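Given below, in the form of structure tokens, are the structures.
Consider the two complexes below, in which subunit A is the common component and subunit B and subunit C are the respective partners.
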Partner chain A sequence: MTTIATNPLVTVKSNSAPMRNIDPVEDLIALLARLPGYGRRSARRAVLRMLMDPQRQMLPLADALRNAAEAVLPCDVCGNLDTRSPCHICDDPQRMQGLICVVEGVADLWALERAQAHRGSYHVLGGTLSALAGIGPEDLRIQPLLARIEAGGVEEIIIALPVTVDGATTAHVLMDRLGDTGVPVTRLAQGVPIGGALDVLDDGTLAAALRARRPA
Partner chain B sequence: MSTEWQAPAIILSARPFGEGGAVVNVITRDHGRHAGLVRGGASRAQSALWQAGNMIEARWIARLADQLGSLSGEMVHPAAALAMEEPLGLALLTSLCAVAEGALPEREPHPVLFEGMIRVVSRLVHGAGQAMADYIRWEAMLLAELGFGIDLASCAVTGAVEDLVFVSPKSGRAVSAAAATGWEARLLPLPAFLRAADDDGAVAAWADGLRLTGHFLERDVFHGHHRAMPEARVRLVERVMA
Partner chain C sequence: MTMAFPALRLTRLMLRDFRSYAALDARFSGRVVVIAGENGVGKTNLLEAISLLGPGRGLRGARMGELGRDGLPWAASGRFETALGPFDIGTGTASEGGGERRAWMLDGVAKKSSTELAERVAAVWLTPQMDRLFQEGASGRRRFLDRLVWALEPAHAREVAAHDHAMASRNRVLAQGRADPGWLDALEEQMARRAVAAVAARRGLARRLNTVLAEQRPLGAFPAARLDLLCPIAAALEDSPALAVEEGLRARLAQQRRRDAAAGGAAEGAHRTDMTMVHLEKNQPAALCSTGEQKALLIATVLAHASLIAEARGFAPLLLLDEVAAHLDQRRREALFAALAALPAQSFLTGTDVGVFAPLQGVAEGFSAASGRLETIAGFGVPEPA
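Up next is the complex of A and B:
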């Protein structure tokens, strides 16, 4: 069933698509407000700013959005988002392709790239195990990781998953699966962050830091 | 019903809500399983606190008693962080929280179960081996609290109180070794630690215990609500068997 009202501020209902407003400004605000970091108020401000100078701010943005939507695709090897597959990281001969860092999502991959701390390759798992969200091991990209290892050339797997109950559970399951491959598996250290004063750290981090102490 | 309380609590789950908030389920002694909205609960500053298994001092406040209300808390014991390095300990802790969340009705106090959970979480500090038997006893206690208790007092067939080594999967009553002859394959093994509070058991006995309580949890508690056994509980069994 599809109903289109004559009032421009009335929404269009359709069985096949989410509710869209036929007023283009309201439609744009509603679409922007769905993005992380945006509410309706901030979306309205952004739209208003763009409408002040549509030629210089809106149309280039529209072009950039279209270009990105059409050009960006997930890398078949690691799951990163790039304009080509294999992505520029998997294709880079300067990087240590045998050193694979396993991350939860592309945001974590970008964070590690920003830090320039890892010169190997990545594997995006696509989430963590979550009983609440109904995500099981078969929903994660564990099998493609095992296939990469089976293909040979992997020297070490670094597990860089979130330090949460779900992240740690995923890490344990991953370590179990990787155990049979014979490839060395390491995990990121836990403890006091750079610039962190002890008196403001949470109890869990302090306990983990104490347990992971090392000879000075 | 009160619109404000403060009490020691164990976090059962934290579900992201909006950008930085979380809907958190906790269990307390006098208020049972209780949900509340934590503003900023999924933020970087607070996410370490709102991990399942942590013991906190919780404060809940609402304008009306039947509202979701607002929850805040302070860390008492970072059980989640302490268990994260030990696969079996973490599996036990997540299973404890998932089973409590899935099986217990909301806002119904179960002081015995809360105290049982505190005992399991406290013993987990010394390793999963110290807490596993207590955890399985807690599951048996949960069945009893919900009205599906297993009866281990005497043999269902002969009335004997000695040498009880099986449980009937139908009635949930103990069966002695003598009465079970020829029927062993159809009965559930009864581990000795379920009848002795000071026995911590070992891996084979834990597996038997989890199979025993798991059978009745699945049949009487979760299937009754048209739900599957929580994933975390399934993973715990897999880890014990591994």
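Up next is the complex of A and C:
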């Protein structure tokens, strides 16, 4: 017991419960380190920086975290994260609500929004099929998409999933399920990047670009 | 030998905390470099460091964590001379990433990945582990083959990984029993497409290699050899277009679900490719050849591969030949040395006994390796100017 009192960095281990930190700094580092883009090292750096000026760097952050946690919720229609549901995209009369772009996650939705390339609405699947991670078709938001189509007004589905094996598998399954609805389904073209010379492309990209060729 | 290309030359190698080396600064001026020393002095480590100056995980295929001396962050850098002037390449543990990430530098400028280096540096190698290539399982031969393909087509590694991922996913879905047919369809399509792409690349490599091997005949003591793929997909590609082979494989995978589920794996796919070499004069597969003959077949293959790389890149790659004299009789050894001396490529040879390299005196530069250092062997050779 005395060791714990005198050494703030000691961790308590019990045989039954998982290891638990009792040091608030270590707790914070461990929480940050779980975030994408953070390792223990960068988490420790960020925490150290904040601890230099907790009044200005930590308390406002804590408030911002609380506010966001309480205010943000998933959109019932598309799965986007926003302060309201339906989200501001689903609620926007200027957008073509019948043109639905299917993405893996909210990060992709936000990326497409930043590019201002899509004038329709979205549908967030919430992942891609992954047998190895135990994510099956019923774990994705495929059913809600079919329900949106059933509700009417959908003119086209654009599949914008990653070109990995899992992404392509998901797209295949999705196109299968959408086949019965009669709604036209398209996919993002893949191939020659803007500014890309042909001779520096890898064979896979070239083959995909050839597969996706279209009348000139 | 079709290697009339300017050679890449390593003239300086610096190591810090790499494997058994705390610090090393070695200069090479020879086109053939001999490194002799007892077991465990760090000869293979040195060749591995050189192999890491190019893209990939080097000649041991090691993970980052294994490379640092006693787990320390490590660094290796090399100065290369080419027909177009010198350049420096550095690699080692990245400052971010907890020791698992690798950093790259070209002429003192950090590079995000090794792709740019692939245009500058290439090395081929032969290690004692490969002596058992024809005795051990097909997976070792497939890896050997894939490495040969990958050195010429970097996208190949991704294709093979994608195939294996699709296959592992299909195995898992089949094992769960709750097989969703649409999901399996999708995985089988991915698997078939990637399998055909990967096998087509292997087949292309085998063809190009065999063309060079056929031209290589005058190498004397080296047997005329041919590399044969043992792979139904490759055989199907002989007389059907790739899309038809893809479709056939996809259909068979769909038919074989129950059997594959029971067996716990796919009976067909890119993971079943095997290969052999044929000793043409004896018309004998490598597995039946003597150890020395197998070694000679492998040397012929590696030299042919070096020619292909030279053709593709426009410069002759470094040849890293670890314990190359082992298993070779004197006649083949001398034929190998004569062949190396005649190549524009720079080669690094290691061995425990400096005596076997005697025929290279006056041609090669000799070093003895001991306790993390390299000492010039006096009087071994007159290093020619680089």
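As a convention for this text, the second predicted complex is superposed on the first by the 190 of 216 C-alpha atoms of A that agree within 3 Å, B and C clash if a C-alpha of one lies under 4 Å from a C-alpha of the other, contacts with A are read in each partner's own complex, and residues count from 1 in each chain.
As a convention for this text, a residue touches a chain if its C-beta (ideal position, glycine included) is under 8 Å from a C-beta of that chain, and two chains touch if they have at least 3 such contacts.
Nothing here was measured: the structure is a model prediction, and the numbers come from that model.
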Clash-or-fit label for the pair subunit B, subunit C on subunit A: clash
Partner chain(s) touched by A:Gly37 [first = subunit B, second = subunit C, both, neither]: first
First, second, both or neither for A:Ala208, with subunit B first and subunit C second: first
First (subunit B), second (subunit C), both or neither touched by A:Asp176: both
Which of subunit B and subunit C A:Ala131 touches, first, second, both or neither: both
Partner chain in contact with A:Ala168 - subunit B first, subunit C second, else both or neither: both
Interface residues of subunit A shared between complexes with subunit B and subunit C: 129, 131-132, 136, 164-165, 168-169, 172-173, 176, 202-204, 207
Partner subunit A, residues of subunit B touching it in the complex: 13, 15, 19, 47-49, 51-54, 75, 77-78, 80-82, 84-85, 87, 90-91, 93-94, 98, 230-232, 235, 242
Touch list for subunit A against partner subunit B, complex: 36-37, 129, 131-132, 134, 136, 163-165, 168-169, 172-173, 175-176, 202-205, 207-208, 211
In the complex, subunit A residues that touch subunit C: 39-42, 129-132, 136-137, 164-166, 168-173, 176-177, 202-204, 207
Residues of subunit C defined as touching subunit A within the complex: 96-98, 153-155, 158-159, 162, 165-166, 168-170, 172-173, 176, 180, 182-183, 185-187, 189-190, 194, 197, 201
